[in-house]
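Look for chain A in each of the two complexes below; its partner is chain B in the first and chain C in the second.
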Partner chain A sequence: MPAMTTVTKLHPLRFALAFTCWALLAFGILFTPPVQALDVRFSRVLVSVAHGLLTGCGGHAARDGAILRAPGGFGVEMRDGCNAVNVLILLWSAVLAFPASRNMKALGLAAGSAIVQALNILRFISLFYLGQYSMTWFDFAHAYLWESLLVLDTMVIFWLWVRHAVRPGTALYARA
Partner chain B sequence: MKFNRATASVVGLLALTFGPPKAMAQLSSFGVLGGSTVTNTATPTIVNGNLGVSPGSAVSGFPPGIVTSGSIHAADATAAQAQTDLTALYNQLAGNACNTDLTGVDLGGLTLTPGVYCFATSAQLTGTLTLDAQGNPNAIFIFKTGSTLTTASGSTVVLTNSASSCGVFWQLGSSATLGTGTSLVGSIVALSSITLNTGASVGGRLLARNGAVTLDGSQVTFCTGNSGAPFLQPPPQTQNISNAPAMSWPVLAGLGVLLAGLGSVLARKAQVLG
Partner chain C sequence: MPCGPGLRYMRALEPQTRFLLRGSALLIGLLTLWWFVLLDPMLYVLKGAAGAFVSIEYTSSGDWSFHVPLHAILPATPEHPVAREIRSIDFDLSRSDAIAFTFSLPVYWAIILAAPDVKRSLSPLLLGTILVSAIEVALLLVFAEFTARDAVSQFGGIADAEGTWLRRVGEYLIVNVLPYIGPFVVAMSTHGKLRAQVFGILPPTESSLLSAREEQPRAKMRRT
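This part shows the complex of A and B:
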């Protein structure tokens, strides 16, 4: 005799509450001194990757800590908040708060992080070149274009992940 | 090993009185100046300020080496004038009387106050040398060697009590060789060559009169703090650094609200089997 199952809807407030808790916890951890030190190191790693990509493609740039310098003297520095960790925290919080299996959450965290950081490095490199060309364009891209793209990117990543994680007719979250 | 402020003041006053500050304007803009060649053997080498060579003309390894806040002057009038300035600076430094003879003493582990320190032949730095300005931001430290300056790998010069890298000068009878990863401050004023081994950095200037300057994954950044007067004028500061926050806090908060809303809508559609 097949087991009886009941189908219920998730309460939307439950997600919002869990999301808020995860985000507050993660930002709290981010601002502790040891993690801030790691945050700075992470920025330098990202600048190294950007520098490697640039020089690997034949571009001319030099890395000076968390600064990417151009031959003309212009430099772009990846300071606190420039490494998109704060964006990642929101994405991670959403993934962790959403009801899905552990494997799916792991996939969401890993793939989401990779995509956001890839976009962030692309953003950094584009700003490096835009700043040499025109500070007006640099400011526009910096303040409007890339912020909008990152918001859109994060929303799309989360939405696609939910579509993948919660397929019609499957139960990825089982209430005990 | 300690000297008082009066010593430093006398040194500064003598140099100010007899020095030709106007002649140093051109030289002050140079981060690296060679006599025969300037060579970069590896990336990422960064030189802050003008890079020049004269009377030689060979500059190699730029790019991939980077010159920021300046340009390359190979055997042009600017480099020639800078070399003339350099000769004057070299002689000016050499003319300062010694306060202390450190011949045979390794600079590593010492803490020195402003003054003129001399080595009859070579000078060696193994480890950390601390330069204590005793609260005087215009303090001058001069190191004079009869021949070479050599540093061991990972050696460091530390500045304390308002000491400025612009106030440190290394006047060398022949050449300088900085070991791998050495972090030196001050202007190296050498009669012949200057060689920076892999990853060595200098907060100051590399000025070679007759020989080559060789860089290898090096960073030469202008000195900071006092002007370097009376020997040199302040370095030009034309750095243009922009930071690039991924997202401002208001937009980040907006993204949080959007994610919370989207997640809530999607969660409502999701089914739970129990």
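This part shows the complex of A and C:
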């Protein structure tokens, strides 16, 4: 077993406080008019990517701004809250609040965001098909199941990142 | 006790993968159980608990009608030349919106049951169930208060940008963030082993050895 040389203290209360501050700041900024405009554009980009993937795999759908429409008339719109920005903010807040190097934080923010958005596009496409089958199941999956799964995935992404951020030769312990 | 190949395979996985697989399966199972079986009893209990603080009645369509005591004086405006006094605000909350204040509990159960060392999860399960239930009631009450204050500002035609922004952020947090993150935060607070694994925290014995090792060079330096 390699000798551990560096010890970093994790202050749980300090982490919780920093996480809350980052999250509140980010959610506050999210609701300012310029960022809201960017948020809408971002949703459109995500729908465009989902549309490209869907048609590329042989599916049939039409895109209208942030709405993905099926030939049968069903349409699903990516609104504020559906673009996983809320989950991204939670991940960013956790990564920024954790005692790690700047490079590791940058890696966590970039890789974590990419994975969360990839999962969110998968969620959007699955909801597009589910809504054509049953609106009851769509409501359940849209509001509760997929959203909870996405938060669970985000927690695991953070957990995996922590394993890399706390390198061999570095140990973390909670201050008593 | 001998374990089957499936269980042996699960134990061989990384803790993160094991937690993700178990958590996802439990989330799907428990949320489906909640949607089809537990939803109505939970709504009944939620209405009863929140009803201890604010008046809630059923409407003919099964929605919830809130009566929130709120004292405000609306100043005179060109449309209403006389100042008006408000003592309470009544509004309806659809059943589908009230549902959002009950689903945190099955999510919490899924996280705790997916956490390592499930045999020692009974205490966090019970404690967390009480905490998450209390958070759900508190969120519903805060939501009712926010909605009532929003209605007052609309009646009065008060268009303050900061107030509107604050209410939007608050409502977003209450409806779209806190019910989802709440169970995870409570699980991390009540389940010590899960918290230690996620944050990569060493067990107390190893960390004390490590701190002793860290202290040694400093002690030598003091002597010289």
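The rule is simple: the second predicted complex is superposed on the first by the 161 of 176 C-alpha atoms of A that agree within 3 Å, B and C clash if a C-alpha of one lies under 4 Å from a C-alpha of the other, contacts with A are read in each partner's own complex, and residues count from 1 in each chain.
Operating definition for what follows: a residue touches a chain if its C-beta (ideal position, glycine included) is under 8 Å from a C-beta of that chain, and two chains touch if they have at least 3 such contacts.
As the structure is a computational prediction, the values presented were derived from the model and not from experiment.
Novice: After lining both complexes up on chain A, report clash or fit for chain B versus chain C.
Specialist: Clash.
Novice: Output check: A:153 vs chain B and chain C. Expected answer is one of first, second, both, neither. What do you get?
Specialist: second
Novice: Based on the superposed arrangement, let me know which partner A:90 touches: chain B (first), chain C (second), both, or neither?
Specialist: both
Novice: Between chain B (first) and chain C (second), which does A:103 come into contact with in this model arrangement: first, second, both, or neither?
Specialist: After superposing on A, A:103 lies clear of both chain B and chain C.
Novice: Go through the superposed model and pick first if A:123 touches only chain B, second if only chain C, both, or neither.
Specialist: So A:123 only meets chain B here.
Novice: Going by the contact rule stated at the top, is it chain B or chain C that touches a larger number of residues on chain A?
Specialist: Partner touching more chain A residues in the overlay: B.
Novice: A:55 in the overlay: touching chain B, chain C, both, or neither? Say first, second, both or neither.
Specialist: Only chain B; A:55 stays clear of chain C.
Novice: With both complexes overlaid on chain A, does A:134 touch chain B (first), chain C (second), both or neither?
Specialist: After superposition on chain A, A:134 lies in contact with neither partner.
Novice: Which partner chains sit in contact with A:31 here, chain B, chain C, both or neither? Use first/second/both/neither.
Specialist: A:31 contacts chain C only, not chain B.
Novice: From the superposed pair, tell me which chain A residues show up as contacts to chain B and also as contacts to chain C.
Specialist: 7, 10, 12, 15, 23, 81, 86, 90, 98, 143, 147, 151, 155, 158-159, 162, 166, 171-174
Novice: How about chain A: which of its residues touch chain C in the complex?
Specialist: Result: residues 4, 7, 10, 12, 15, 23, 27-28, 30-32, 81, 86, 90, 98, 139-140, 143-145, 147-149, 151-153, 155-156, 158-160, 162-163, 165-166, 171-174 of chain A touch chain C.
Novice: Given the complex with chain A, which residues does chain B contribute to the contact?
Specialist: Its residues touching chain A are 43-46, 63-70, 219, 238-248, 251-252, 254-256, 258-260, 262-274.
Novice: Quick check: in the complex, which residue numbers of chain C touch chain A?
Specialist: Listed in rising order, the residues are 16, 19-20, 23-24, 27-28, 31, 35, 96, 100, 103, 107, 110-111, 165, 168-169, 172-173, 176-177, 180-181, 184, 195-202, 204, 206-207, 210-211, 213-214.
Novice: What part of chain A is in contact with chain B in the complex they form?
Specialist: That would be residues 5-16, 19-20, 23, 51, 55, 60-64, 67, 69-79, 81-84, 86-87, 90-91, 93-94, 97-99, 120, 123-124, 127, 131, 135, 138, 142-143, 146-147, 150-151, 154-155, 158-159, 162, 166, 171-176 of chain A.
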